[in-house]
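The following pair of complexes shares a single chain, chain A, combined with chain B in the former and chain C in the latter.
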Partner chain A sequence: MLNIKYQKYILSFIFCFLFFGCSSKKEFAKPTITVWHWMTDRKDAFQELSRRYEEKTGVKVNFELYAPSDAYTQKVRAAAQGNTLPDIFGILGEMRDFASFIKAGYVEDLTPYMEENQAEWKERFFKKALEVNEFGPDNAYGVKPGIYGVPIDIMTIQMLYNKRLFKELGLNPENPPQDFSEFLNIGKRIREKGLQGLVSGWAELWMIDCLANNFAFNIMGKDKVIKTIKGEIPYTDPDWIKVLTLFKEIKEAGLLYDGIVTMVNKTAEQIFANERAVFAFNGSWCVNVYRGMNPNLDYAVMLPPKVSEKFPRSIWGGAGSSFMVNANSKLKKEVIRFLKWLTDKEQQIFLSEATFNLPANKESLTQIHPRLAEFADDIEITTHPRIWGVSEFPRVIEAFDKGIQAIIIGEKTPEEVAREIQEIKEKELAKKRSQKE
Partner chain B sequence: MKHPLYYKTKKITLSILTHLFLLIVVASCLFPLLWMIGSSLKTQQTIFSDMSLIPKEMHWENYYHAWKQGGFSRYFLNSIFYTVSVVTGIVLVSSLAAYAFSRFNFVGRNLIFYTFMAAMMIPIPGSFVPLYVLLNKLHLRNTQLGYILCMINVGLSTSIFLLKTFFDKMPKELEDAARIDGCSKLGIWWHVALPLAKPVLAVVVVFNALNVWNEYVLALIIFDNRNLMPLQVALTTFQGEFITQYPLLMAGLTITALPIILVYFLMQKYIVKGVTQGAVVG
Partner chain C sequence: MRAKSTLENYLFILPALIIFSIFYIYPFYKVFQLGLYDWDGISPTKVFVGLGNFKEIIFEDKIWWKSMLNASYITLVALTFQNALAFCLALACDRQIRMRNFYRTIFFIPPVLSEVVVGLVWQWILDGNYGILNNFFVKIGLPHLARNWLSDPKTALNCVAFVHSWKGFGWGFLIFLAGLQTIPRELYEAAKVDGAGAWQVFKRITFPLMIPVMVLVAILTVLGTMQAFVLIIAMTGGGPAYHTEVPVLRILASMRGSSRFGYACAQGISFGVILVIVSFIQYRLSRKAREIY
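So, the complex of A and B:
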């Protein structure tokens, strides 16, 4: 009797288990998209967008934050090796890192999605924002031509000046220096008033590289810069020596903040925000940084001064942050749908308002912070090493940037630095040639 | 024969110089700590303009915000669990291994020992990717056990080296006496070797506790589930790509530093003994 009683319970339990526990949830369950990102500043904004998207489509999007960016990079590399990459992720680093992920088959080619419906998705973006995610025909990395990333925001790196200090120097704050000689002349006034000139994080070598390349593009044009990287023109060329000499002239004019070569950008931002420097060289992200440090700071954005009339000026910029789609994701269609939604005008405006970053969608520019708009105005003249199609050897870049530091502190002459860079360049080229053989 | 005043002056001068030097060392050690506490009581704006150690207005609420925004409650418990588990594991495994390396003769003893020592030379970030792949294959990635095993592995080499050096100099007569009293090999390790090794064990505990408490890169790499992350990950909440919320970060740092300072104070007596006495045993 007892056994029969228990049998009833057991059968009821099995029935309930089969009915509730094993009923196909898959039919009703909406997929969950996983996104790995490193953007701590955008954490809350992404959560809000995720909520809105789920409300609209029922599709859940998990934004998982892994910061700082160094640790994030390690995680993405490890996950690629372990074949556990999420549906959407970002690749930080140089173009060659990006290329190696694509060649290993981890990143989806987005060109067909970008081109469909009369290239509606592609047309949303600033051309420059897409370029950093694009590999052209015959690229040096051996990657199949196409677009491999979706830009979320853009950035430009420019010069800034403090309007109040400009007035104190007897200058018109609405009329910043246009050419290099005007810029150098301000140095004299700065010295007389006992102020400090240009501040920037030049202990972080890439920032020096950025300004030096701006000057190089203006003096010799893009083609000659690319030819130098390819090894067809030496760094001892008079144009390159002129680029290096500019830093000597800026220093001698008293335009550089004391200790600039050992300064990290965070310190430089703090100094400019506290009105202890007339000029700064910084990226568009600084709008949010200065707002947090000193909301009353009165400043404006200007292009780096023109050195030559021969070639147009260029500044570093393009995509700030981009997302890539996992080529092995089972939710590819949903992922593309979500990324299209994320880069829609409405979401881009929301992201820009919430995080003070420049939107990648060009239609969103009308509704952004005026100071950010100043940075965005010059997006069409931006360039970036990632879009040059060739990469300089890391050792050469290091020698170039450290050489500029040495010129600033008066340790070496521009000619000496140029010779040293060229020596390293030749060694690297020889090494590359021997590897090929 | 010099005048007694000469010796007295020399003694006083030396004492002043020594104390001055020690005061500078103390100041250089304490200043960052005091700056951290002072900054934790400022606002985001005053932190860049008010350079004083003691702010005019104390914003104690920063501690509350840091605790809430960083989700410290969960991460704190996680870190305590990881620290206790890893340190216990390291103490057990390394003391057994060190004792075996010191006392037993077996084939390949030196080879295995030097392999362990060689592992000390490998920079930890260099082993992240292989560890990730290994844990993934063992289905231990994104699990607490996987993380604990990795961290035990990280701390073993140095601990084995410290303990082996100690056991090598421990008089064998003590073990012989224990053996006559009927102790097994494991019994000698437990009743004789370990109690004598207390000062070295204290050093092993503090160094490894500090290491586990401050670790976050490996945790970030192997955990996908944020609920499993240790305390240090909470601090990254306040460090943006471009903006850092310094007052909250400093409050968070103060909170995270407290337990480890406490551990140090509790074990201070043994650590000093361990460092100064080193291998003086029995």
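So, the complex of A and C:
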């Protein structure tokens, strides 16, 4: 038999437990928004913004960093399968992957939020930045038309040149090569001086794809590129062979850095920052990278050289990083409020200043670093596979990019590569047709 | 009574059986099941394609077979060069030589280093422009030997195979050394008394008694090397073109690059089956070798 005194203690404990256990939690707990991201360079800036937001609204925003981006991609996929996605997350990959997430019901359609108050939120952004998160009517992915992501920053991928090395080569650093023959002629001077030409991370296939697409848009125009993706024009078309031949010509002109085909972009960035290469092909994020590696690096931005007069030049660009809202989040309203705040002019300027990335908010561009402004100048001529409405088969993209590597190492001719790409393309088209049937 | 005893026995192995089933059998079954679908890894719906993925791997995927060939070549180099080196060094360290423990430590450093670090260090050594190796060739008056080791299709795979062997020989060394130390010393002494020379001692005592250890090292080498990929990612990323692609990189490419999760699962299963067959053949061959000796 328990002592009566102990019985009292036990009863009071049970009472307290039941009373507080059943009371409303809302009075005590403030909502916490969870954000998953992969942007190591923005970690501190995000923490600071989180602090400011909590101070202002009382809502805590927990930024969780998962890097590198490959690991992040796998984490997001696994979380989607387990239905444990956070309130806000980013989707890395191609438009096809983005579409799969939307169709599976993981991503909130943000169109109504973007359109409210005379589309105030939507109007803040660069059109190009929003486009990469947008699915238009009759898109090939079968996604309901709408805007499914919020751009945090924008980027463009262009060519850069080292001004000091340009002078050493006897070239005018204020007048970079405009057309392809001018560009090729520089190769001779580079070889004579014992320097190295163009450096880029071409072990990462998408970077080769990017430059090849720049050339393709200039040579045959957007419509023909899209028709090729749709399977209406073969890769053995003379225009595509011309695109592939350009890489052979660049190589033969001595313009490529030795070992470029097995080089990752981080190494390429180090090489350019250390002034060991005259040209680089890189995205606007490089401003921050070069600043860290060599603050005295004197370089400028140029468009990839013009190959043809038939069509305008185009470069890859648009939204750099975007956030998506979990369609199953219980804090949807708070999440939208936070994202609107994050993309306000003030926060965008802070992010740009802290991380040297181009802001997605148009109004914030007035206060950016001059080097970043050079990248931003060409935002209007940007394009991106994510806005084309159709995606090339991944195996075709791989064959295309690996084929260019084979051309560069002198293993295959452009014609051979074109035939191989087309062979794979036809197999993929046949497979798609049989699946439809 | 007997039934009770049998039940008790099964009860004892039940925890191990449950763990094995959850962590091995079920994932294997699940991966095989996913290999029968066309699935992007995200969509809630999967399209059943039967053995279509496996058929594509076997009959259509040329790159897959090229990657298998590359991995086989690296494995062959590891089986011969790496294991021969490990065995010779183990033999040397088994004797009463000076600084024996120092050598043992030194030889075991490469295997404990991170593969990424090893890959990046060797990438610098083999760099075509600023690499130590090319500088060395220039310094000794052989500049014609300098080249882009990792981006030249003629040398890329050999370089990867060499670095993999350099990184891996320490494991073999350690196992060989442990094996050599289990050979009774009396056998060597008796052989000496009988007037046997060093070669005869090696041929009649060391080699036959080391066969089980060699088989073990060979199986571990094959399994470890065929599945190597981190070092290759760090050194070449599978390039130039497809010259250093290996099966695990292809599985990763299918899963991440192409979003073909089902196909990647089928590749994983096919690769696993190939490894089991190779290990089985190795085992049979080693049994024959033991019979001969």
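Here is the rule we go by: the second predicted complex is superposed on the first by the 409 of 437 C-alpha atoms of A that agree within 3 Å, B and C clash if a C-alpha of one lies under 4 Å from a C-alpha of the other, contacts with A are read in each partner's own complex, and residues count from 1 in each chain.
Everything that follows uses one rule, which is that contacts are C-beta pairs under 8 Å (C-beta built on N, C-alpha and C of every residue); 3 or more make two chains touch, one makes a residue touch a chain.
Here the structure is a predicted model, which means the values were calculated and not measured.
By the touch criterion stated above, A:M293 is placed in contact with chain B alone, chain C being left untouched. When the two structures are aligned on the shared chain, A:G221 is found in touch with neither chain B nor chain C.
Residue contacts after overlaying the shared chain place A:V264 against chain C, while chain B stays out of touching range. When the two structures are aligned on the shared chain, A:G389 is found in touch with neither chain B nor chain C. Touch criterion met: A:A273 reaches chain B, while chain C stays clear of it.
Looking at the shared chain after the overlay, A:P68 reaches chain B, while chain C stays out of its contact range. Using the contact criterion defined above for the overlaid structures, shared-chain residue A:P173 touches neither chain B nor chain C, since it reaches no partner. Of the two partner chains placed by superposition, only chain C is touched by A:D97; chain B is not.
When the shared chain is aligned, no partner comes close enough to touch A:G254: not chain B, not chain C. Applying the stated touch rule to the two superposed structures, the overlap between the chain B and chain C interfaces on chain A comprises residues 70, 74, 77, 81. Taken in their complex, chain C has these residues touching chain A: 38, 40-44, 47, 60, 127-130, 148, 150-153, 156, 235-237, 239-242, 253, 256-260. Per the touch definition, chain A reaches chain B in the complex via residues 38-41, 43, 64, 66-72, 74-75, 77-79, 81-82, 84, 266, 270, 273-274, 285-286, 288-289, 292-295.
Of all residues in chain B, only 44-45, 48-49, 125, 128-129, 132-133, 136, 141, 216-217, 220-221, 224, 226, 236-237, 239-244 touch chain A in the complex they form.
Here chain A touches chain C in the complex through residues 70, 73-74, 77, 80-81, 93-94, 96-97, 100-101, 103-106, 196, 203-205, 257-264, 276, 394-395, 398, 402-403, 405-406, 408-409, 411, 427, 435, going by the rule given at the top.
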